[in-house]
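Right after this note come the structures.
Each of the next two complexes has chain A plus one more chain, namely chain B in the first and chain C in the second.
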Partner chain A sequence: MNRFDPEPSFLARRRDQARAAALSMPLPDRSGHRFRFTDAAALLPAGGIEAALQAAGAAWPVRVELPDEARRAGVTALSFGEALPAAGGLLEEHLGRLAGDGDPLLALNLASFAGGTVIRVPEGVRLAGPIRLEARPEAPAGTVASGRTLLWIGAGAEATVLEDADLGSGFASTVTEAVLGDGATLLHARFETAAKGTSLFSRSAYEVGRDASLTHAHVLLPAGRVKAEAAPVLSRPGARSAGLVLALAGGRARSDFRVVADHAAGDTGSRVDYRAIALGRGRSAFTGLLRIREGAARSEAYEEARSLLLSRTAAADVLPELEILNHDVRCTHGAAVAPVDEEALFYLRTRGLSRDQAESMLVEGFVEPVASRLPSGELADRARERLRSELAAARTGQGGAPGEA
Partner chain B sequence: MSGEAAEGAAPILEVRDLWAGTGGKTILKGVDLVVRPGEVHAIMGRNGSGKSTLTHVLMGHPAYEVQGGEVRFLGRNLLEMDVTQRARAGLFLAFQYPVAVPGVPVSSFLRTALRSVKGRDVPAREFRRTLQAAFADLGIPDAFASRYLNDGFSGGEKKRLEVLQLRLLEPTLALLDETDSGLDIDALKTVSGGIARSIEAGVSVVLVTHYQRILQYVTPHVVHVFLDGRIVRTGGAELARELESRGYDWLDAPPGTAASGPAGA
Partner chain C sequence: MEARNPHDLVGEYRYGFADEDCSVFQTRRGLDEDVVRQISAIKGEPDWMLQFRLDALRMFRERPMPRWGNREILDGIDFDRIVYYVRPADRQGTTWEEVPQGIKDTFERLGIPEAERKFLAGVSAQYESEVVYHSIQDEIEKQGVVFLDMDSGLREHPDLVRRYFGTVIPPNDNKFASLNSAAWSGGTFLYVPKGVHVKIPLQAYFRINRRDMGQFERTLILADEGSSVHYIEGCTAPSYSTDSLHAAVVELIAMKGARIRYTTIQNWSRNVLNLVTKRAVAHEDATVEWVDGNLGSRLTMKYPAIHLVGPRARGEVLSIAFAGAGQHQDAGAKVIHAAPDTTSTITSKSISRDGGRASYRGLVKVHPDAHGAKVSVKCDALLLDEASRSDTYPTMEIACEDASIGHEATVSKVGDDQVFYLRSRGLTEEEATLTIVNGFIEPFVKELPMEYAVELNRLIRLEMSGSVG
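Coming up: the complex of A and B.
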């Protein structure tokens, strides 16, 4: 089942291992936090892993936008087909290393991914403009469209990578692995949408080097189901990560975000800010683990997860989790789920705003602590605009005023 | 300092035998109130007498249930209108405890409110000018424009912002719910000045207050005393002074005279 031609032996080997792993492991169940709020089987077509492995994987076409300044500075953005001969060493060293194949879903992706992009930003190159990757997969019945992205950010380099995954039909799985060299800075933002009746699984795995700084942003706007995961590993002292997450689940959509901030070294810092809105019969979920390893003294970790319910039939869960093996650290976490503030709605309506306008204003205020931290104004505007239009669509899609469902 | 009250003109607000409450408890027990164009009415009374409830019921707060009576605003049945419709029709409520809306900057809130109430967009430059003038008028620093609405504001700052909204939105009738409470003397003067300028501009006012001191700056045409959910006495500005010196005890209704329920309820 070669996806690329030629497919080098290391990849064939890795695919075989992943295939065997996928078939030998049971699907994760709800006993662990990771799949507490999503049935893993719902991310696969009928017939499960076996059938998905047998079906020819759907294509994963990506539109790549690489700014001229990046090209001139020696930055490359290649499809896997192009990268395998050209950047084989980089792929052999890192492909699958960060995200792994430790469960059937990740193993399935590695065994069957059919497209994606490999981006290499040479050491010391600082890019002003973003690199954009847009994938709009359509998966035929019985298949899982699978794609991967590998980002290699050299020491001291600076880059922004904006990834869009917009699933039109069926099931899809996308895995991004990002390696940040010492002193590198990466802003990685993902916008993830999934049409009604579709399911998208994504994982973003990061390795953050010494004094390197990662900002990872995730905007989840499913009409169907999105299960997104982020896993930054702060591997050397001075590494920092900041996760910014916005999620909206209207209609009957399901949004499930998982983050594991793994402090593998001392003097590292991580923070996660999550804001979700559920309306109609939508459900949003957050599980976040702050893991401080034994050697990670003097680390600081912060996590705040808040969800807003705009209707009585919407539901939200937030579940923070700490695993602290070194006590010379500072960990803070907060979590809340609350309905819309009726007094605030009344206040805004006494100023002439309609209920929908007032609710939108409260939603924008609610997400502002996250939106305003997005490092690029363009990104923040885009997140706000998408949120606004998805909110409007979710409202009309549910066929009634929110709050009265 | 008040604008010209139009005696004999058609009322803008007519409240007839209004009964209302919340959670099964009746709070308003037959309120009658008529406000004509340009009039300033002060409603005074003890804590818990139902004064604030009256303003919230008139504005359409969803927690209150109207149990009887009728209310007409500019000839329309107010009780059939939702909160938004009441605001757009020209009714305004200055809150005793304005709600904080974190994440929403004051300027974008005000612009949306202005657009919603006036039914037209105000060009950005014109809006900025209007806002700057209104800020200066009320002694509010320009930096407030980018602060989040009422978030972390002191009591005085919140009250100034309420009066600023009164100035900007130019309603027909403003219900001011203890806008003078919690203000020091300088803030009281500034806030009262803003209210007085609105009155001069033609806004009619129902002012709920505990204290006579705001009435030194905003002269009422009519003073009402509220007791146990209804107006028990009405007079001129001298009634406020009398209350200041005598308190409320002398007005307590003799036993057995309280109304027992809304007519037809």
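Coming up: the complex of A and C.
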């Protein structure tokens, strides 16, 4: 089925393959840790994959903001419709290569995605300001709104890409693939929200080249359900990745974050810092795998996952995993789930703060080690503000108001 | 040490020998209703136990193979080739002198009698599928402690056994628990009455001594209110070329204020599949400790569990795993906090070398009402060469707002600087590595009774021989 006009033959072929893959594989189950805490079927409308493939996919409109400096430097940000004739070679080489179609959810996206953006930052171009992509999909009943982003960051280039996905209704799936050339630097930040009763699945797949540096930030603020996944592959020596994750699940929200840091080459480094807050009847989940391949000597990997529970009915699930196939490494992970420090709360209240104010202050303190590591001050402020407003909304029982604070 | 080739280790493996088979009776290969009925009839079991076995057999057949762990090896098990019951002697010995000479020789070679005479109260040695030797010190008997093999326990204390058997690990818990429930034989039944403190560790040695023969021990330990006991299980097995399956079920119940420590030093030969279900229930103010050493075997899948069901119950799991060439140690721990103010500590150490794979797989679950629960998990892995592998899969499901959970894991190699320092002090590289490994597992070793600590250090030295060169 054609989503773009014209749809070149390589894309038609890839869609056919993905469609066949989606139909031939069972949905991943709990025995694989990726779906330990989320039922894959909950990310699909009734009728499952088959029905979703049948339905005409919902549109995936994206608002693109490309700074003038970027435009002048030859950076392009095109919709898929525009990019297919103009940047066909780039797409043919990379589309679907990193994220793949290895399970029905990813295959469904590739088979049916209806919109998205292709960004190309030429070699050596260093951008100061961010490129923004905002998607606010609305999926009609029975469909999965599917979009994709392809980021190509040339050797030695430097860029910041901020992606917002704000799901208003139904089911949505968004896949970002980012290729970092040798010595490239990318800050990729995603803000993901899903209204009550909606489910958003996202995957960010990265290929990090020699001496390239990736920072991937994820801020999950669902009122419904968000299942977000990040998969950096450190493919050449000297590659580095740093994941920064903030999640808040209030009301009856479900937030599930998955990261797989794959050290495919030696002398690579990765780091993940995760902080989640669950309140109301919310539930936050984290599964994070550090994988060191056989030849990846002298690699270092670090992962820290902290969860905070603010109510009796909230819950946090954590599964930090290590798979180490080389001995010459240093890998560490830590995880903690803890309540708000009652002593700190008491101290703040003696200073005249209400319980809510004191708790909010402690929550902000809890996320600060991650927020302050976000390389852009604007990004950090936005994350803090969104968290603050979502927390307030969750407290008053609104279950998280979508939109900007 | 001169052995540099890992294959030489098998030759050097001093517990790897086999006696001439002197079994009196065995069932035919494979497991079906007839075989189950036959096992039950030979033992003269009550009807309810036969029914229990038959139900379990149905569950075993219906349940698919686990889809996690080492699927390659699990899927390769041929259940029809296994002999499920072997009876080695016509009656049980009550003193060492009455034990048949052939079997006695086996124990002599394992060094059991010395250990027993010096340190131990009762020895319950499992030779093939049935306990052949069993002695209890008068003192313990006088205290009212029941220390029997499981078959005698069922005969002599039918009410106690019927009340608790299969309550901690129901027959449908997992495929291998179902298999054990259908085919179990031997194992230990231990009852410690209210307020009784058993001062000396009670221990049972068991070993497998027949090619392709499965061992399905069934152990039930019940510590009544305010009592305490330390039970030690040690295993050695001869080396054989085809796989032997070991699927034990161990159930522990610690009543209010009771304390159970269960220590295992496992050293199966390199062909054994060790797929064991171990679980404890700790009631109010009770303490359960699993001390678990996993050496040997081709594949071990074992996750000692503690269900903390009463307020202030305490659980501790302390384990080490050593994975050498061709071995996969998939071990871990599970702790379920189902009551307020419960605490648990999990400490896991693993060492991989010569292409061995050590996995930690754990679960910590805190129920919504387990207020003030505290959990601390620490997993450390040491990789000795580039061919080896370490995995860590700790799951935490926390549904209580004022629980505190901490988890840490590290994977590293033996530090070059550490080796350099020790070599500068005159140690060879091999000695230096062994010293570092011994230091790494020290927190585990110091929890063992002295003779076990000695034996473990000997085994580690044996495993490590030729590791550097």
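The rule is simple: the second predicted complex is superposed on the first by the 397 of 405 C-alpha atoms of A that agree within 3 Å, B and C clash if a C-alpha of one lies under 4 Å from a C-alpha of the other, contacts with A are read in each partner's own complex, and residues count from 1 in each chain.
Note that a contact is a pair of C-beta atoms (placed from the backbone, for glycine too) under 8 Å apart; a residue touches a chain by one contact, two chains touch by 3 or more.
It should be emphasised that the depicted structure is a prediction, and the values quoted were computed from it without experimental measurement.
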| item | value |
| --- | --- |
| Chain C versus chain B on the shared chain A, clash or fit after superposition | fit |
| First, second, both or neither for A:38, with chain B first and chain C second | neither |
| Partner chain in contact with A:362 - chain B first, chain C second, else both or neither | first |
| Partner chain in contact with A:160 - chain B first, chain C second, else both or neither | neither |
| Contacts of A:351 with chain B and chain C, given as first, second, both or neither | first |
| Chain touching more of chain A, residue-wise (chain B, chain C) | C |
| First (chain B), second (chain C), both or neither touched by A:337 | second |
| Chain B versus chain C as contact partner of A:294, first or second or both or neither | second |
| Shortest CA-CA distance in Å separating chain B from chain C in the superposed model | 13 |
| Interface residues of chain A shared between complexes with chain B and chain C | none |
| Complex contact set, residues of chain A against chain B | 341-344, 346-355, 357, 361-362, 364-369 |
| Residues of chain A touching chain C in the complex | 29, 31, 33, 36, 294, 297, 307, 309-339 |
| Sites on chain B touched by chain A in the complex | 59, 61-63, 82-84, 86-88, 92-93, 95, 98-104, 109, 112-113, 116-117, 148-149, 165, 169 |
| Residue ranges of chain C in contact with chain A within the complex | 67-68, 366, 368, 381, 383-386, 388-413 |
